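Should a chain be cited, it is by its letter among A, B, C and D, assigned in written order, with residues numbered from 1 in that chain.
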């Protein structure tokens, strides 16, 4: 029992197979579509799945019972990072957001029937899904308790009404996990329930696909309307009114898997910059002979190593069965900002080429920005981190001043 | 004779007219084309020119002789900033890069004949131009002395051969100012000459328009080939072999006008964020009641005020007839980074909406990134700034240690 | 009427005389006492005053009527910066805090009788003073309205009771300007009055001199007790209950003069670092040949130029009779942080020598830290800056949404 | 075999005993001497040693054979961090620099005879030592190969001549490990040898104790002269001419133990700030209710968690028998800067109190600054980090371009 950063031989092998898959099969596809999933036909996704299956790295996060590798959080980390080296790597492994987090949630909370209907085809890559939580102002945004979408009991089940946006993957999804208020008022810290709703249900409308800075997510980000969408009692995921708690179940690990994938993207940006610095001539020498370029390269390494160490630290805590709210907030905040810095520095090293969509840096620059916002903006996480520290400190101070 | 930050009544009025023009005429156009000049037909440019003429703010930087307002650098500053509030404001005023810098250069260096042929229609907005200096590796990039494009004397004049890229505005330009080596070898600190070349000259090929992170520049950024392009002796701008010196003539002011325009963009991003913070509710209050949001808002103000003060400082020096190499490097480096920070913070304040192309923040985020690279990457400027300081210091130290 | 950064010939000459005085007379004294005013006998102060008088730069901020040079804020800026090049330069010119701010306040608000008694000898350097506002928790700190010291009316005048600390210059001061509550409760935004109290008044006790990180302030920072200190009606400075307003009168300019002096300190630190970089050999070349050292040197220049431009900007506004609350907050926040960065970088360039008290960098490092805290912590200024922006924005937004 | 951050029960217990020791025995001593080891008599050190022995946590890093606990790097980490919570904690455990690193080196490289003579009493706390490497310019500084101190062979052994400074702990040390050039010229990357020299040897002079920003190191930092100091052949540590290699043996782990100790100091600063934020009232609430204060508190947590994770990562690699040059450079650079940030933020949270030597923050602020300089300045580490990345990248690029 001691600190260890050693992966099992199986995990090392899976990581290497993933890296090879990404290099040989995925990057060419990414290059062809210039990192935009909007332009990639669905059959390409299926083809990438097949390649991942052939490489034995399909669905690494899913239990064996559902056809996955059953890796725990720590073991996922290097595999997801290797997948994240390409914007489409997670698509290949069927571990991209939001499907991956949805699978995690369904495996943890859904009934056997729900799992057969939704998780099994999702894990197999036969269908896609989305997670419908975020709402336009004044609804649920960085403050999820502002939830305004409602689900009302009917004789036959529930009827959902509401307005959602920035729902990643909705275009093309077979079903959505919908967060709706079943009791209380916007602002209340409970009263939410999760529902499994088929996207072809009457009243379930995709209003539009929102044009955003990023474009690598399958299905993009959509605006949805729920106009008297009827669902049965079987559509309730877990228990009624426990939606915020399940959101936490989903979010802790989902934050970390986001971090893993984006760390792979950062690694790639850093590699591109390093290769340019090592080979491009300028000012009578190599670009990489210049101290300021060396500083950019070194700071990339520092950010990457610190990010990886924090991810592992958080995963260890999650695997140990802890909720890990503090460490996942810390890791998410650091990694999201570090990844942004790495991509920004790498683009700077590459100069005009970095601005061009010829190199993937411009695409990476567009993609990673949102990560400081979704899964909790950095400010919300900092607030939560500080609050936990200050509460604990306040308690200690109060105890110590008690005679 | 004392420090003053006061503008003349005429300049204040021109600034206000520009602001009104941008608000009423330009922003609607920008919104319609989502900030992309690629999709904007040329007649819209002409229409915007007419509106600017009607407002009496057309071509503020151009001498009255050529139909402009003849403002010096200090007086340009607030007008260009007001124009920069929209990505298309400088287009309306006919003061966007690279035309604006080219007009500046032509007014300073060109012969009367050259001015009549190129400057006059350019200043009138009848034609557009480009400045062909940057080359793909291993040519002229952040190190301009690596220039490889050559111009060789012929009986009739000169023949130009070379390869250029990231030439802003080339698509649609009537002529280019081409930097070519007329003596010496790549790496030599002189031997460059500027040529005025018509874009329809035989051998002058626009290979492709490069897809880049930004899209608000008229004509985008193109790759050009010069394959035995013949130009006459009249095509030489200024004197032979003095191209690097003229580049400096152009670059000092051009750096500052870039700063002015982008400062306007930063102001706009900050305004959008402030409005959102002042009006959006979250966590039981206004977004702007949250200390971390206040910090983002305050840091925007600080960056904007410091940027503006530095721009004025540099312009004063340029107007006083100084070369201003150090202060324009200082100002350009600071402003380019400050503008980037302001846009980044503003996007963060706006959360998911900031990522959406619904708001202009995503577009601003894409547009401003390159400013840390063109007109000299921050690293090159820092190197130049330090070198000047260290040389002066070294001289002083040497003198003091001399008995 | 246009932007100008030009100083009058008189100001340029005064600046040069100050620089020469500092170099020749003040720096040797500073070196001798290693920057600690605690160890410097008062006669040295008097001697430095004489040297400044001989150089014609004594009391630059004081009206001619009281023996000073009568410079406005803009003209003070370069002179104070030149004085601040040494930690003891402002002492020599009799323009160090808190005396300088007190003179400013007395000149603006005091009665003729009060001016004769307090301002005249203070301006002449015959006595020293202090400004007694800050209190230990839960009293007036970064939130001045928490003021708990009280002044109660008596038949003969007023009696003051309270506890103050971090009162700079109290040790050795002849009198104090004391902020006391004459109406309302702690937390109220008015009800404070300023009193002129002699430090040898019965009940006025200097409890102790607080040992602090810095040591260059004359008289250090002390803790004071006011135990039924009786003062006459003549001791009221300005009007009763207007103390918070006068504090603002004092603080705006005082913030800027602090900035000017500390900018001089930053300039000195940067010069030391540049000289070391220009002359020290390491890794087979000059230290200054290394890109990362160049970056430190360049960032120093950028911070210094931006600081100076912001100071001038704020001074121009103050001289124009504006209250300048926003711009002085912006400038103070930026300059306090920039000065800290410059000193930190300069120390880093000097390595072990920077840590040694042999070089003045360690002393500068200790001295400048507090500037991010006094005259309003950076956080308080940011809050105030954001609040002003958001209020203005909110008003505009409200107007625009009004039909 | 998987990632683990779990310590053994023994290590957890030792950490808790260390924390209790620090809280109950060490902090009162630190407070009494205000963190200055200069004023602490040697018998206090001995008394603290006895307390650590009684607590069973004396010499955690030393092999059992020499009376220590024999903890490997990973197990040292939490114990050293707990010790570092007080500036004198490492003194109590006999694991402060430079003794701790010297013990490490002697245990790894010294002969049995040398170990009996030097290591045994050092490990027992009976004597102190120093490590004499750094020289004034133009000698060995951040570039160790500039080494100018020489050791010349004589019939009887060696004679050492040279000038050293910033030699920590020299005042009061019984012996020094002296780095001297035995072959080659300054600038050569080998030719150095380590010697064990008694400080009372003829010609071994402590010129002066250098006054520095920090004051918590036993014996401070001294300037030494070696004037024909004669040592026997037995004084050679390890092999002749292998000094630079041994310096690396010492430096990798020494970097990490420095990080561990300073992380404890950062934790303490953060705790003080958190307690103040949780209890101090301002602006109508708790200080910790303010978002900007929360940001400072949260960023402290993020920096501390990232630092700790990186330290563990590096220790794991060192314990695995790797040289760990890259990861220890990464961790050292990050931790040194993170610790500085944490102390700076904590001081800011505490306002005027932070500046006062009443609270330990001012002392911590003075102490931690040098850590960005010794054991390799951040710039040197960044250069080394980048160089390794770029070499590896260059090799890969070269291979790939080979047909």
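Note that in this section a contact is a pair of C-beta atoms (placed from the backbone, for glycine too) under 8 Å apart; a residue touches a chain by one contact, two chains touch by 3 or more.
Note that the structure is a prediction, hence the values are computed from the model and not measured.
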{"item": "Neighbouring chains common to chain A and chain D, by label", "value": "B, C"}
{"item": "Pair exhibiting more inter-chain C-beta contacts, B-D or C-D", "value": "C-D"}
{"item": "Chain separated most widely from chain C, comparing mean CA positions", "value": "A"}
{"item": "Computed distance of Cα centres, chain C from chain A, in Å", "value": "50"}
{"item": "Chain centre separation in whole Å, for chain D relative to chain C (CA means)", "value": "38"}
{"item": "Mean-CA-position distance for chain D and chain B (Å)", "value": "50"}
{"item": "Shared-contact residues (touching 2 or more other chains) in chain D", "value": "290-295, 379, 382-383"}
{"item": "Contacting residues of chain A [partner chain D, same complex]", "value": "1-9, 11, 72, 74-75, 77, 271, 274-275, 277-279, 286, 288, 291, 293-295, 297-299, 301-302, 305-306, 308-310, 312-313, 315-317, 326-327, 330-331, 333-334, 379, 381-383, 385-387, 389-391, 393-394, 396-397"}
{"item": "In the complex with chain C, residue positions of chain A that touch it", "value": "290-295"}
{"item": "Residues of chain D that touch chain C when the two form their complex", "value": "34, 134, 137-138, 141-143, 146, 165-166, 187, 210-214, 221, 280-284, 290, 292-293, 347-348, 351-352, 354-358, 362, 365-366, 369-370, 372-374, 377-379, 382-383"}
